[in-house]
Structure formats: C-alpha cells, structure tokens
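Common to both upcoming complexes is chain A, partnered first by chain B, then by chain C.
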Partner chain A sequence: MTTMPPHKIVFTGPPGVGKTTAIAMLSDIPPVVTDVPNTDPALRKEHTTVGLDFGQVDLADGQCVRLFGTPGQLRFEFMWQIIATDALGLVILIDNSRPDPLDDLATCLDAYQHLLPTMNCAVGIGRIPDCPQPSVDRFSELLAARGLVFPVLPVDVRRREDVLALVDTVLIQAEMRA
Partner chain B sequence: MSNLHTLLSEPARRAAQTLFAELGGARSVLVATADGFELTHVGEAGIDPARLAAIVGSFSALGDVASRETRIGTPRYLVIESSEGRLAVRCMQALGQSIVVLVLTDRSVTLGLVWNCLAETERLMNAA
Partner chain C sequence: MIRLRPTLKLHAKPLADTDIARITTFLRIGRERLGHDWEIATDGGHDVLGHLARPLQYEDVIDALSDLERRLSRQTGMPPPGARFRLRRWPAHALLQVDAERPRLASFLLSARPVDLDELARLGRVDPSACESFVAALMAAGVLDVTENVASRPDAAGFVGGGALGEIRRGLGLR
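Right, the complex of A and B next:
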C-alpha cells in the first residue's frame, strides 16, 4: 500500500476573518497557534496571530491535508510568502462585515499575484447573512477582471462542513489540473 | 498609536539607548510589542524598524510555540547566528505587557554579555 504525501493548503486573508477558527474547526489534531495579545485598538480583538496556524485533517479518501494559516495584517506579508511556498492551494477568507471587503480581496490578490496563475484557490466570504453586500457575484467579477476564475463560496468558519467545502474545492481543482 | 504604545515608548527608548551604549559591538536595538509593533529603534540606518518589528514578533511567537511543543517551558532568548553577525531576542514582560527586545551585534560580542545586557534591559523597563 502506498501512502499519499500530505497536501499543503494555506488559509489567508485580512485580520479577524476567522483563519485560526477555520483551521481549528477542521483539524484532527490540536492546532498550533501563535496568537499574542493584540495592542492595535483598530483591530477590536484580544488576540491576534503573528506567526502561523497549523492543523491537519485526514480526509475520507485517505488524503492528508496540512492546513497552514497566515497572520492577517499587512505588516506580516513576509510570512504570507513564506507560508505559501510549495502550497497545493490557497483559501482566501474575506469578512463581509469589514469596511471594504472587495479591497481586502484585492490586497490578497496583489500579494499572491505571482502564484495565482497556477494556484488552486477558493474564496470564502463570511458573515453574508448579516452583511449581504457586496454580493458573491461582485467578488467573482473582481476575480474575472484580473483574469482569474476561482470558486467563491459563502462560509461560516465556525461550521466544519463549510470549511471542508473550501478545502474540497481546492482539492478538486488540483485533481483537474493533474 | 494606542495608549499602550504611548505608555511603553519612553521607557523602551531609554532602555534601548542604554543597551546600545553599553553593549560594544551592538549595531541596532529594537523594542517591539509582541504583536509586532515597533516601540523604539536605536542604531544603524538601512533597517526598517516597522518591518523588523513584525518579523521579530513572528519569530518570537514561533519560538514560544516551539518551546511549548517541546515542553521546555517559556522562551527567554532566541538567537540567529549568522555569518556576519547575530540577532538576539529577549522575550519579556514590561509594565504588564509582553514585549520583545532585539539586539543586532557583530560577531565580536560574546553571547553571555548579550544575555547580561538584555537582562539589565528588562530590569530597566520594569523600573520605569
């Protein structure tokens, strides 16, 4: 019996969108977190990730997926690049309750632009029930304007099945490319 | 800048200047919050203190999680030993907040001296 090598999928996006929560929801192992007390009053949360998050999930088909999360703030962009190295796919999480979610997505697309043409990617939009605008279509249009076609899904990062759907979406793209 | 940053900035500036003056071979001293905000920087130009503060924040958080993962307790110092110099980081509490102090030195300085000076920096920060 051969063992498939683990895949690496990276969760990224601005601060406070739930990257740490998403990984914790999906991980079969206690996640590694590097949260520290937040001193930025603009962020309105007690702790923030400054290094990385790590978790692992074994899927029903025998695939092992290692989940890495980036810090959200732009000042940690150097970590975004380190963590994304050799990733099979990228999950971009956006929080629709933030002031400018489309700009948040644009920032991520700028940061990973060198990887995106060959990257398997899914975009998860959180808090849509409370903040329905911009619509999912607007995010798809923003991607299309850059020549990118990635699935855009509503997500509640507290729901394991929602997070799993994003990971599955990335894995399906990878299989189609193989 | 938050109230916390304002509160910490002056003792951080004094402590950094003292450390820089007393540690021969020091090229830069940076004091930052644990979440990667620069509080003060003394030393050579050509270093972006805001960027280095974020890098040190990540570095110290990874050191902390590595210590916990290997059950060796709470990290006190982290070192990057490179061909042209050293980065030494001390994780400490100051005025009840987690901060990191980084000192960049050339290779002429012994690590023991760096540790002593960084321990003194912690005392200075908390005596403020």
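Right, the complex of A and C next:
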C-alpha cells in the first residue's frame, strides 16, 4: 500500500512577525519550537527561532498537514528554500512595524524566486492598525512589479480566523490548479 | 415607396416572467415579420440601437439582443455575459474589505484558467449578484483581464472542496 506524502504549508518571513504564533493557531499539537534566547538587540524579542517551528493538523482520513515555520534571520536563508520545496503553499508574513517592511517582502521574494512561479502563496501584513504605512496596497504593487499576483491581506496572527483566511486563499490556488 | 420601421421596445433590465410573456406575444407578429425592416430603439425611439432586415428571423433577433446586451454591459461597466475573468494584479484593499467573501472570490480569479460569473458564484458559494458587483468593481479598477466568446470548459466548481484538499479544508474547519 502506498501512502501519500504529507502535505506541508510553510510560514516564512523576517524575525518577530509571528510565524510561531500563526502555527500555534492552527496546530492540533503543541508546536515544536527551536527558540533560543535572542542575542540580537535589533530583534526586540527575548527568544528567536534558530531551527524551524513545526505544527500539525490531523485529518479525518488519517493523513495530516504539516506546518513549518522557517527561522527568520537572514543568516538562515539557506534553509528557507529547502523547507519550502514541495510545499502545498507558502504564507509570507510581514511585520509592518519593522523599519522597512517592503524590503522584508523583497528579501523573501528574492529568496523564493525560483519556487514562486509555481507556488501557491499568500502574503499577510501584520500590525497594520498600529503601523498603517506602507499600505497593504504597496505590497501588492511590489508583487506586481515582479510579475507576481498573490493575495495580500492584513493579518493578526493571534487571531485564528485571520491565519485561516490566508491559508484559505492558498488552498483555493491549489484547488484551481488541480 | 414608404418603408415602415416598427420599433422593438426593449428595456435593459431583468425581465419578470410577465414581461417575458409580453415580449413573446409581441414577437408573434405574423406576416408583419415579412413586410418591414425593424429597428431596436430606446424607449421613445430616441436612440436606434440596432437594425433587423426583413424578413425578421428569430436567430437575428437573438443575435441582436445578445450583441446589445454586450454593448450595454460595456457602457454600464457591468461584466459582459459569457465572459471569463482573471486577475492581472491583486485588487486594492479598499475593494476587498467591502465584503469578507471578496478575498476568497479574488483568489479564484488568480487561476491561470479564467472563470465566468456563474462559475465564480458556485466556487465561492455566494450569490451571483455579489459576484457580478465585485467583478464590475474589479473591471472599473482595471485589475481584471476579460476574455469574451471563449469556448466553455469544465467547471472547476465540481472538484474544488473534494479530494485531499477537501480533507485539509475540513481538518482546518474551512468550508
């Protein structure tokens, strides 16, 4: 009997955007995290992920969806593509309170450029209420300038429905390719 | 020779059953069909929208009405009937936040395979009128590629929500 490889959805983005939190919102198991005390004062957080985060959604048919979070820091960029290869979808999370969120998105697009043309992808912009600029539309424009069209939605990763809305758009893209 | 030009009065709005019955009766015009050229005009005959040569043929009437529908759709910004749509870029946030369903509908329009209004309504499980107004807004915003007169293709609504991806939806609590 052959078993289908488990589907995986990858959450990526710079440090502190809430990838671990987003995974925890969806996972049926307590997320496996590889956080260590942060020694980079620029990150403004006590812990940061140095390996990857992992969560899982159990399905009725005995299969599961694996949720992976990439380490945010740029020095771990070599892992990003490895984790995202063969993913069902990629959710890019951006924190609008960081110094240059548009550049953060550009960095992600550069890192995944070889996967994006065939990837089901969505972009979530966090902390919009506190930091409304750049606007959500500026991120869409950045994608369009690169010939990419992906959903771009505001997100509060502490709200399960917000994270689900992003994943929903990713699944729709997958379904429409089927 | 005096050529009579009777006018078919048409109103560019959905017709109730009774109106359809009236038009059906009106088109039973017997031998008048043979004797005159016809014009399709606005109420009062101010604007002539189309001509129909004698003898009046059923197919010509239908073709003229379909053409008129497409032209009026373009004038009013409404989606042309039978057209298929595909997003060329993600819509402005202000357009999407009007309705919680709109980001989902927009995602269906990302497909490499353009979808028509009916299919979009079935895929999104929303009222067709909601799809129509959303697509009209996307057209006005200039973010939509519109393809007219395309051959029908298999409807994606039949397989969306099924199979392994359907299991994932159910596992996540998504519809």
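Observations
Keep this in mind: the second predicted complex is superposed on the first by the 165 of 178 C-alpha atoms of A that agree within 3 Å, B and C clash if a C-alpha of one lies under 4 Å from a C-alpha of the other, contacts with A are read in each partner's own complex, and residues count from 1 in each chain.
By definition in this document, contacts are C-beta pairs under 8 Å (C-beta built on N, C-alpha and C of every residue); 3 or more make two chains touch, one makes a residue touch a chain.
Predicted model only: the values in this text are computed from it and were never measured.
Model built by superposing both complexes on chain A: chain B and chain C fit together without a clash. For chain A, the partner with contacts to more residues, out of chain B and chain C, is C. Contacts of A:Gln56 after superposition: neither chain B nor chain C is touched. Contacts of A:Ile172 after superposition: chain C is touched, whereas chain B is not reached. In the overlay built on the shared chain, the residue A:Pro37 is in contact with chain B alone; chain C does not reach it.
In the superposed three-chain arrangement, the CA centre of chain A forms the vertex of an angle with the CA centres of chain B and chain C, and that angle is 160 degrees when rounded to a multiple of 10.
By the document's definition of touching, neither partner reaches A:Thr107: not chain B, not chain C. Touch criterion met: A:Phe76 reaches chain B, while chain C stays clear of it. When the two complexes are overlaid on their common chain A, residue A:Ala144 makes contact with chain C while staying clear of chain B. Taken over all C-alpha pairs, chain B and chain C come no nearer than 24 Å in the superposed arrangement.
Shared interface residues of chain A (contacting chain B in one complex, chain C in the other): none.
Residues 4, 7, 26, 57-61, 63, 65, 88, 135-137, 140, 143-144, 149-154, 164-165, 167-169, 171-178 of chain A are the ones touching chain C in the complex. The touching residues of chain A, counted against chain B in their complex, run 32-41, 48, 50-52, 71, 73, 75-76, 78-79. Of all the residues in chain B, the ones that touch chain A in their complex are 2, 4-5, 33-37, 50-51, 53-55, 57-59, 61-62, 64-65, 69, 97-98.
Per the touch definition, chain C reaches chain A in the complex via residues 87-93, 96, 103-104, 106-108, 110-113, 156, 159-161, 163-165, 167-174.
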